[in-house]
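Same chain, two partners: chain A is paired with chain B first, then with chain C.
And now, the complex of A and B:
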């Protein structure tokens, strides 16, 4: 049961890069908390009753679309999955760092993810022509589960925002990028050989750019086993070199 | 393939990573052994001097101090490559770490690992040079190497303070470093991360506790608590 009767104070980052007169600043809003209130509900309440110009993104409201990532009291989180009952009376909201700011709390994660996918060529490289009539190649259950685990990423950008390296090095593949690389490196249908993968993985912008802060793993709303993924990539790099 | 970086840097990066992690591992393990050796002071000066003499007479101490110094410098140079060069970048990381503190502590611990690493580089270099002088100069003359009376004098003359700082920094840096290394490579993964973190904490407090008792004995604040093992003659 959500706590009720609280008056919540939201300190929200405001800035519209499209408007030359806009200056980055924090704006304070106060609203009444209601039972089972999510951040999504709270921000809609603010937009409907206090300031219609407030920009933020939401689509699915069920942690699938990955569009409502934001910094909640310094921690990346999905607005739809965050209950106000889990937050203190004062909540500070910022847009996710690293990504291009659209305005206020809205960022364009698409540019970053597209660039990452293109750089690492995050798609199956197959040499065989696809035959829709042929039976699919069999895959080991454990491997299929691991690939599925990596594929559960909704590209919300929370891991990237929490990563110290991604925040200071735009070239770093980032947690979500390493997860994508691992997903295709694991896939037996991908015909890229170990030497090709070695060049992508064993790199200061690949897994060896990671400094092991581990925040990505801890903030991932989908609870992806990111640390296991990096350990897999490190060991794959080492075994290829040996 | 459109690579994240041009070819041939990959092998170099792997070597750097292995060297920085490997030297860190060896240095951390050495510190545990070092603590046991220095811990001989708990039995009194006689035990300490006997052990120091053995290590020097059988030429264990001399190559060790050189090898450890080399590993120490290699580790510092390679681990430092991960520290952002710009102040603005470091500030960004610190802010990020502080913000994440409520949800998780490893980010802020990484920042403290860097800070303690810097302190260890300075104070550890001083200590290593001092030890190198102690164990290497007797090779060229009738000098006495490491001995309890000198160590007690030094600590009591004021070196207790830099040594106390060095102790805290080394133990913190080494224990969190070992934990991070294990997680990075997936070692002891079956134990789970929280268990590894707990083990790390236990090791940290254990060696910090032992280190402070040793330092108190060297500073003359308490008598050697294990002196009875050598017949009570400290």
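And now, the complex of A and C:
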């Protein structure tokens, strides 16, 4: 009997694209639950004691690096901050959709986010070169906090996986992409003007591609204010168009 | 498909803040740069730095009078005089520039609010009027071991915001990043480095990258302490290891290991020093603020080595809260209030909710000192060039540059990443030629072949040898049990013997998975012997150093000994040798003579040599140890 009295059953998606004999299938593992058990602990226990070939991604194990997005009983979530005590006796784990599969639960989020950053030019378009001798430009602290609210996105991909549009339109910026655009659009250090932003925001791959199901808002592990972000982008687009 | 052999001007191994800042500098100068990273760069462990980045901007009332001289002095004192003072000086002078440059790259630094502000200082709520003329400048918070408020911050996600801003520059400049790639061996001819062999963590395939300059920027190696670390799972020290495995490049001060006072118990997840900087308390099981008795002047904000020792002692004395995972103490931030915790310490608030299910505005946080930072690493000169190996550089935590000596101050490492990345990147950009790489490809072919044979050999090995995770767990127990906060000669001798046995075990490891591709068990098995080697030289250096300095505390030699040990440990591991070769060099020229740090123990053994005599021997001794001459750019 485990300390919590539960034996957990994990049904895990398995497929190794590097192995010609591998076929996508579900594999079942059973382990004893312990107090404060996260999926980080559970999956490592499975790999170290039951099947050493199991692939998954964790790095910081404290919900800040964004490595461990996965589908947990059909919902995208960070594995490290998902506690087994919040889950039923049977837990089904799949890799995040939308992203290219690396193997088992591991997906290629890095390339997706790099492409998104390149497409939306997600960097400060500065007016002048950095002057090492000058004092920093001033910024109102309330604005700094507002930018930080959006800057907190860890690009885990949970929102993208949850998004009905991103799942069918590979060109759609996706919730994290729209958030990143808003983060730069509201930053006065970025000198792109409204017309330039209009090109990035106002099409079916930008904010008007969003059909408002808002699953992104529900699954975001950083609780980003995505509703406000989309409203901000729509207002910005409309004010330019008018 | 990755080409089997490719070439670039600059190969940067590691996609964290130090590596990327270095890459930007070289790329902006027109050089071809390739970054190898275990993970997508934005997932590097720099992202986990929370509380702040030290730079003496002097923007708020509690920072008045701050300047790089004060920062420099704090850093030398923090190092317990183990730092290279010239490097600490270069660092302190450049930190304000590097932090302001991050503002230019887009970091949303918290800003000064002109007018009345309410702070919590040494247990008191204090109202302070910030000057209206400073409104909108970068704000500071207090941290341990500093004379002024100096840490610049973005909430409690400073590392995250800094890393995203720097990576945005990497994207802007079009720098190529090969993620899920691990450097497993350096390509060299015994005196010059020509790049590295990389293993793809998607396919398991090896490839060689030839480069004119190779930069190790792989961060720390806290995972030699297994789970007893705040570090990410990726901080396994492979950058330091591939340098050590050349047989000629030394690692510096590996016995200097920082324990952070406030990691969550038992998970080891970091809770920032900013909690104490903003007015948090440390309490024992009776709710007593023991740090006020132990350090009346600095209280909870003495340096990390000092606070961690007092905490460990308090628990030894029976004042810890006992649990089946061992004892812990409490961090109390309730007095800061809900709004402060949900904004300026938001990431701490989230960690408490998500990982221990508590509200820090209402409840105490269970904490205990946990391995956090590696002061030791690839020994380099002031321009970031590795000892004994031309064309090889190291920056950030992977290096021993050495501005931290035997104890790093909180917030100084985050600043070091961008300062050293910037300066070493400039150095590389200015010195590498415009021509192609003039390496003989046989070195690349030989290194590639060795790496492939190592992987194939592990997969082919049969028998009843130990499993890789059992070796890891045994290493971790030795390190936390015998090479921890309090060390003794007897325990360190046992640690060296046990780690020596584990090194032998590494050669008998048998894999249970023969899966093609990256094979996670094989990937880890390819690293474990290098990790045990790093652990071994850490224990060996700690055993040899019969004094106490900074984070290295010997209960049997409790005094700092400036007569015998004002030096830096260098560890090489000659090829095919059973034992590493341990030697010493002077710490560097002394500008500030050894003295009292202003916190911690005051008693010490004074140096016998005059400062002038000490300084006269430095250059020759360091050159004899393999230091390349500094060309004077810095």
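The criterion applied here is as follows: the second predicted complex is superposed on the first by the 239 of 242 C-alpha atoms of A that agree within 3 Å, B and C clash if a C-alpha of one lies under 4 Å from a C-alpha of the other, contacts with A are read in each partner's own complex, and residues count from 1 in each chain.
The criterion applied here is as follows: a residue touches a chain if its C-beta (ideal position, glycine included) is under 8 Å from a C-beta of that chain, and two chains touch if they have at least 3 such contacts.
Computed from a predicted structure; not experimentally measured.
Undergrad: Superposed on chain A, are chain B and chain C clashing or fitting side by side?
TA: fit
Undergrad: Looking at the overlay, does A:170 come into contact with chain B only (first), chain C only (second), both, or neither?
TA: So A:170 meets neither chain B nor chain C here.
Undergrad: Is A:214 in contact with chain B, with chain C, with both, or with neither (first, second, both, neither)?
TA: first
Undergrad: Please state, to the nearest 10 degrees, the angle that the Cα centres of chain B and chain C subtend at the Cα centre of chain A after superposition.
TA: So the C-alpha centres give an angle of 160 degrees.
Undergrad: Looking at the overlay, does A:118 come into contact with chain B only (first), chain C only (second), both, or neither?
TA: both
Undergrad: In the overlay, answer first, second, both or neither for which of chain B and chain C A:137 touches.
TA: second
Undergrad: Pick one for A:64: touches chain B only (first), chain C only (second), both, or neither.
TA: second
Undergrad: In the overlaid three-chain picture, find the nearest pair of C-alpha atoms across chain B and chain C and give that distance in Å.
TA: Closest C-alpha pair between chain B and chain C: 12 Å.
Undergrad: Could you give the residue numbers on chain A that contact chain B in one complex and chain C in the other?
TA: 118, 121
Undergrad: Over in the complex, which chain A residues touch chain C? Could you list them?
TA: Those residues of chain A that touch chain C are 16-19, 36, 38, 47-48, 51-55, 57-67, 81, 102-103, 108-111, 113-114, 117-118, 121-124, 126, 130, 132, 134-141, 144-145, 147-148, 151-152, 154-155, 184, 187, 189-190, 222.
Undergrad: Which bits of chain C are touching chain A when the two form their complex?
TA: Residues of chain C touching chain A: 39-45, 47-48, 57, 97, 100-101, 103-106, 108-113, 135-139, 154-155, 157, 160-161, 164-165, 168-169, 171-172, 177, 179-180, 202-204, 232-234, 267, 269-270, 343, 347, 350-351, 354-356, 469, 511-513, 515-521.
Undergrad: In their shared complex, at which residues does chain B touch chain A?
TA: So the residues of chain B touching chain A come out as 1-5, 7, 9-11, 13-14, 16-18, 82, 84, 86, 89, 92-93, 96-104, 106-107, 110, 180, 183-186, 189, 193.
Undergrad: Under the stated contact criterion, what part of chain A meets chain B in this complex?
TA: These residues of chain A touch chain B: 71, 73-75, 97, 118-121, 162, 164, 167-168, 171, 173, 192, 196, 198-206, 208, 210-215, 218-219, 227-228, 230-232, 234-235, 237-238, 241.
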